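For clarity, chains are labelled A, B, C, D and E in written order, and residue numbers in each chain start from 1.
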Amino acid sequence: GCSNEGETAGGSEDDSNTLVLAQAADIPSIDPQNSLSTTGDRVHRNMFSRLFMWDNELALQEDLVDTYEQIDEETWEFTLKDATFHNGETVTAEDVKFSLERVMTDETLKEYPYFKQLKEVNVKDEKTVEIVTDGPMPTLLNLLAKSGSDVLPKAYFEEVGVEGFQEKPIGSGPYQFVEWIRDDRVTLEPYEDYYGDTPKWEKVEVRAIPESSTRVGELLTGGVDLATDIPPNEWERVESESGVNLVNGETTRVSLLMVRTTEGYVTSDPKVREAIDLAIDQQAIVDSVLQGTGIPIRTRVPEDVFGSNPDLINTRVYDVERAKELLAEAGHPDGIDITFTASRGRYPLDSEVAQLIVSMLGEAGINAELKLLESSAFLDEYNSKSNEELIMIGLADGLLDASYSLVHYTEERAAGQTDYKNEEVEELFNAAGQNLDEEERKEQYQLIQEIVAEERPHIFLYQNAVNYGVSEGISFTPRLDEAIRFDDLTKE
Amino acid sequence: MKKYLVKRLLQIIPVLFIISFVVFVLVYMAGDPVALMLPEDASESDREAMRAALGLNDPFYIQYFRFVGDLLQGNFGTSFRYNEAALPLVLERLPATLELAAASMVVATFMAIPLGIYSARKQNSLVDLFITGGSVLGKAMPNFWLGILLILLFAVNTQIFPVSGRGTIIHMILPAITLGTGVAAEMTRLIRSNMLEILNQDYIRTARSKGVSSNILVYKHAFRNSLIPVVTIMGLQISHLVSGALITESVFSWPGIGLLLVQAVNGRDMAVVQAAVFVIALLVIIINLITDLIYRLLDPRINYS
Amino acid sequence: MQGNAQAKTVTTVPTVRKKTKASGGFKRWCRLLWQSKTGTVGFVIVSLVVLIAVFADLLVPHDPAENNLSNMLLPPFWMEGGSTEYLLGTDNLGRDIFSRILVGSRVSLLVGIFSVVLAGVIGLLVGVAAGFYGKWVDTILMRIVDSFLAIPSILFILVVLAVFEPSIMTLIVVIGLTNWVSYARVVRSEVLSVKERDFVRASFSIGTNKATIIRKHIVPNIISSFIVISALSVATTIILEASLSFLGLGIQPPDVSWGAMLTDGRNYLATNWWIATFPGIAITITVLGIIFLGDWLRDVLDPRNYFSKKGGA
Amino acid sequence: MNQQLENKQRTQSSPLLEVKELSKHFVVSTNLFGKPKESVKAVNGVNLVLEKGETLGIVGESGCGKSTMGNTILRLIEPTEGSILFEGQDVLNMTPTQLQKMRKEVQMIFQDPFSSLNPRMRVFDIIAEPLRTHKAAKGKALHDRVYELLDLVGLDQSQADRFPHQFSGGQRQRIGIARAIALKPKLIVCDEPVSALDVSIQAQILNLLLELKEKLQLTLIFIGHGIPAVKYISDRIAVMYMGEIVEMANKEELFSHTHHPYTQGLISAVPIPDPSLRQFSEDVILEKDLPDQRNLPKGCSFSSRCPFATEKCKVEKPKLEAKEEGHFVACHYPLHV
Amino acid sequence: MSDNLLEVKNLHTHFFTENGVIPSVNGVSFSVKKGEIIGIVGESGCGKSVTSLSILQLINKPGKIVDGEIRFHDQDLTTFSEKEIRKIRGNKISMIFQEPLTSLNPVFTIGHQISEAIRLHQDVDKKEAKQRSISLLRKVGMANPERQYHAFPHLLSGGMRQRVMIAMALSCNPELLIADEPTTALDVTIQKQILKLMKNLSNELNTSIILITHDLGVIAEMVDRVVVMYGGEIVEENDVFNLFKNPKHPYTKGLLNSTPKIHQLKEKLQSIDGNVPTPDQLPTGCNFQDRCPFAMEKCREQSPNLVTSENGSSVRCWLHQEKEVVNV
């Protein structure tokens, strides 16, 4: 074993300049273009830098980019700041081209699907790079702030290959890689020549502690400074303990029921869909099981994401009596039988929520047979589209742009799943996707959401919250994208 | 002796072959890893592209032959999840699990031997009843439950031990107790009944008739003999230990092979599952072989043919 | 002593008192049971649990699956805030823990018992075949057994359950299909030793065919140790089901099992201890009872005890 | 093979049992490829002829192959070599039906009454088993027959539905005997039927066997290492040593004119229950222990212990030959000739 | 009384089992003189072993000496503490058991086991103990004792193992050797070797021996005086020659008559009818009544006492007591 080289977790209290985070899962990969997860992103965005980034107010800011300019509808030009990789080499346009081309072309990379719209990346000079998109792309800058756009050092990468790079990754962010013990921890140290503000922490450890009570235990005993994903049942413990605080933050993840509008299902009748929606008391779910965190919602685009519709947020249409009437109107005075698939352990309290929904539906005469599946079986069912009337799922937004979510209501994406089809939505969506006029685009998206809320191919439940346990003395403000930049945290 | 070893080692080959086939079939049937790698939003065409790139669209037998071909070259393939060779991934984690298993075996042995012997010597006394009851209790408690309880009691409420993680010796104590308790319970019961049987043997009577004191009788004459079945049990327990490790590792965030495997199974990470099962099976076989050899060492009556 | 007077003939009247029919009889078992304290305790526990499982539906005060948001996380009745309506408190969905424990006994016992039956039947067949026929039959079967033994069972179950949705049926089948190997091993070694006993040879010498020998001589003589390990493995299986629940592979709601309750409640141990503690106690007591009963069975069914206690007449 | 021996042994028409060059080698270790490497020659080229109605005693030290021979005669163990003729039929080449029929005629009584009865079967079923197997009787007839057998061996009918553990050793051996005679066999192989019994019970069983032999006209092979008992019950006695018959003769002849030094050692080692005949000093005591059966001496297998052994004995194996009418011995230098 | 090395007086050893008390030994008395070999005969289960184990206080758990004295050098061993009795065991009194295979610890070499016995009672170092063990092995006739010293028990034949047991028993020159059926598991030819060895040793060292067996032949060849046991009691005790010539107790008679003899011509063996009783099923009155051809009314009502006649022989039977009464 390597027991002597491991640092005791409890050590963070002694040397005040070490930051220890605990997440519910390990980072999936150290390769930022192959990660696609919040847990991974929390490490990557501190190790690598991108052309753009979201600041704490969720406004897009230049990161590696010094200046940029849109040449025409499809062409953009960026000049880079003076930055160096952790091995001392300068970040050049060649590196940007290399990184983007890698993620544009390698299908095995998890970030690949988001970069298909990029057509080419051209090096203008050492510091200038040109990006050509496949048609007008209003979300290009959002994309360039995504973890798949992390800039990798071309020369080093080509020298050591993927395997070598994964062993010792090099980026240009404020912190550099020390080691990754899989399923245990990632250790980082500051990169002194970082081009931005000098990094504050002498050492950062990001630990993976999947068992929530253990994670809270570590937090309570001072083993970690910040723990993510504290489930509601632990809040009391965290809050009552001195020395730790509970911090609540929103996420872009919206829990919703996907409903089959396919011919032949009882839910193809909009009245039945409406009845289901009316039968569910979102507020009660939030208040009871979720203990007050989470926001009842009627759209997939939460506040602060571009294109969100404020009318559909923090609202519900609960009315059991009306639901019963609707069922009767739809020709089911004695109620209906449906199958309801939900996951167990994939999202916080998902199985509890599902069981609650079943009883709520029951009250309206909707007899839902619950099929609870463990995470991977659930995904199998979801992806193979073999679920029946209802499936409960939580969907997030990786671009902070409504286009990311609303694509689900296009005929192509909905096929086999909700089988939702609406010409108007189709047109609106396509138009918005090419529309470089921000205001107009926003309106188009809001309109789509209204139609969806009325027609209910999805029945929305609530916007998920995430809860962090934070040691006293650490100041921490959660962000909608659930990201954590180490230097945003401070210790007194 | 040598012949025996060679024979035993040769027997490993068909066993591993059967195992790999079974596991391959299962993992193949388990479904599509791609679904688990991309986010919920990914479109069907995105997934299709990835499947094609990973060679998952080939028919079963082609995938299997590719697998066996690679295997014969010592290559278990690449982990989908980590995009790295699977075997090193597994081997990297092996020390942590071995360390935990060894520690819990030590805990178990140190708990079981004195308790087992003591309760055998004081058969039917109150202490014996207490120890027997305790060992039954130890067996009846599920691992994860005990682990969480230990964390609450000894790491959170009274901060004697660290909560989780792998590092110094102190980190090892709670997980080792969690994992070792069940084994200790089993062993205590076994040692007790063995001792009782051995204390009734003729050669114990012979030793007593020589004037040997009761301590020497128990710790020399009887114990050496009672160790023989204990060693065999230790060999069999290794597979329980690995099972328990799957759970204990999750509870204590112990970066061992169990945790890796659970995640690999959930993620349908075929190569890693294969490699891990293979390595674990080999480990179990080898440890059983070793205990067999120790067994033979302890018991001079056994010959090797 | 009756019959001393006729002791002169070769036909000795037995000196043993007549207890012919009673030897397998109900009374004898009762006496044997009563003689062992732990055996009695085990028997009582196991019978109670079985009765509870059978009549759970009649016994439950509340619908075990019914959510009640106004009564969430109530403590047991003797604690402040508890009510006698919910004897052992409620869980995070306001469900009555007492009712859930009663109903949960079903899955635990069903899975425990039937998977053991399945494993036992396969193990018995394979073990007898391997032990009795020997040669290549033995070699092939034992290689398969070795393979299964080399994979820790939970690992195998984990992989299998990734393929098949967990339900009571799949759990039973999967656990049964992994556990048969240990039976096969034990049965085989028992068969090997019984096979060598003289009465088997005697039966052969009479010309009895193999099937009859297996049925009348081999199986009856290995069945007692078989019963003993079966009893004990019911206990192990109940714990295994709990462990599978922990890995997310146990029984799925709305079905209840003790293991699932334990798993769901584990996150509440620090704050609402009763959610996980009562099913934990239920498991422990049941397992305890089964182990006691198993130990007692081992003592009574062990031929060594059987003979020495009864004496050679 | 051994024509002379055959002729000499065969007095009347066709004998009941004829054993020719019978060998059984147990493989005790194999090499990597399953080929035998070492084997125990438990029975090594034995020839026997058994006439109807006679009792042949077989004596020899423990492990010399007596039981193995008994078992091979019933084909409970497959011999390595040789042939066994029962009533002129080759037992080793029998079809299953013939074998089944043969097993009706040849029965066995085992040494250990404790392990030769299935502890989970009632006495009635144990005795009825051969009758049922061969469908010799059914229903009432079966019932009557079993009770008759119980009577015959001196057990009470009321004991029929008991289990074996409720009987004493002597009674159990009676059950074993009842089972063996149930089918009215022609030949019974008794494998040390009294050595596990109490001294005062042994005589009961020996007398019972003698009685039954008369009544049912049985032919017996009586294996035992209690030489006095064997002598008591047998007509002829064969002495075995390390899987071979070293001497065979009529019992009076054998004791009065012992030819083989081993036989002599064996006889003189039997303690005589008469203190006035104490004889340690003058007697031949076979000094050494038995040789390892895996590698016996090349020549005469007794040469390693024989006080008279010469070089010849160590290289050349003596044949079993008749020194006198009906008295066979395998020795280069027989005594008393 | 000083010429008696050992005196067993009115020994009762009972086993307290779940099924009741089993009176395995029920009032046994006998004595052993220096240099004398006495034999105890009787069939399986009559209490021979329990008697011998009682002498060394080796009776295990459910068993207990409930009454009687065991005087060795005029000291009562039953009053000894565990520590004191350990000094006697293997030192002054040694024991050899029936089963040579199971009586040796399989995991230690025979040399180790003999040395252990030596070092327990004599203040010698390892090397010296080894030397002595080897010479003991030579004395009991083991070929190549230096090599055999390192052998494990299972590698030795039954006869050799029994020699090891004897060597171990003799390691401290005991004054009394108890041999509990030392040759029952052995072949006659080996039995002869072992018996001769024991007899020679006894002659050489003037060791007293208690030889337990059920083989009358062995008794006839070896011992000076015989104790016949039946059902946990002594039924007859006599000088060996007198006993064989003139057995008094019907059981002794029956035993002698039912033993087949090698040098006698064929005559029908007499047998003792009935079964050997187990100690938990003993009848009231004489234990032998059920099998005795001379049983009388009295035998069924009252147990006879062991009555000693002038010549030192004793018998427990109403027949003889009445005779005695008549004679007086």
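Just so it is clear, a residue touches a chain if its C-beta (ideal position, glycine included) is under 8 Å from a C-beta of that chain, and two chains touch if they have at least 3 such contacts.
Small disclaimer: the values here were computed from a predicted structure and weren't measured.
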Exercise for the section: For the pairs B-E and C-D, output the one whose chains share more C-beta pairs in contact. Expected result: C-D
Practice task
Compute the centre of every chain as the mean of its C-alpha atoms, then state which one is farthest from the centre of chain E.
Solution key: A
Practice task
Just give me the whole-number Å value for how far the CA centre of chain C lies from that of chain E.
Solution key: 48
Exercise for the section: Averaged over CA atoms, how far is the centre of chain A from the centre of chain D? Could you give it in whole Å? Expected result: 87
Completion exercise
Distance in whole angstrom between the CA centres of chain B and chain D is 53
Practice task
With chain centres taken as the means of their Cα atoms, state the distance from chain B to chain C in Å.
Solution key: 23
Practice task
Could you list the positions in chain A whose residues touch two or more of the other chains?
Solution key: 213, 374-376
Handout entry: Sites on chain D at which at least two other chains make contact
Key = 168-169, 171, 204
Practice task
Identify all positions of chain B at which a residue touches two or more other chains, and write them in rising order.
Solution key: 31, 148, 152, 156, 250, 266, 268
Exercise for the section: Can you check the complex and tell me which residues of chain D touch chain E? Expected result: 61-62, 168-171, 198-204, 206-207, 225-229, 231-232, 255, 265-280, 283, 285-287, 289-290
Practice task
Mind listing the chain C positions that touch chain D in their complex?
Solution key: 9-14, 16, 19-21, 23, 197-199, 201-208, 212, 216-217, 220-221, 303, 306-307, 310, 312-313
Handout entry: Residues of chain A that touch chain C when the two form their complex
Key = 212-213, 216, 231, 233-234, 236-237, 284, 288-289, 344-345, 351-352, 355-356, 358-359, 370-377
Completion exercise
Per the touch rule, the chain B residues reaching chain C in their complex are 11, 14-16, 18-19, 22-23, 26-27, 29-31, 136-137, 139-145, 148-149, 152, 156, 239-240, 242-243, 246-247, 250, 261-262, 265-266, 268, 273, 277, 280-282, 284-285
Completion exercise
The residues of chain D that touch chain C in their complex are 71, 74, 76, 99-100, 103-104, 106-108, 110-112, 115-121, 129-130, 133-134, 151, 154-156, 159, 161-163, 165-169, 171, 176, 179, 183, 204, 208
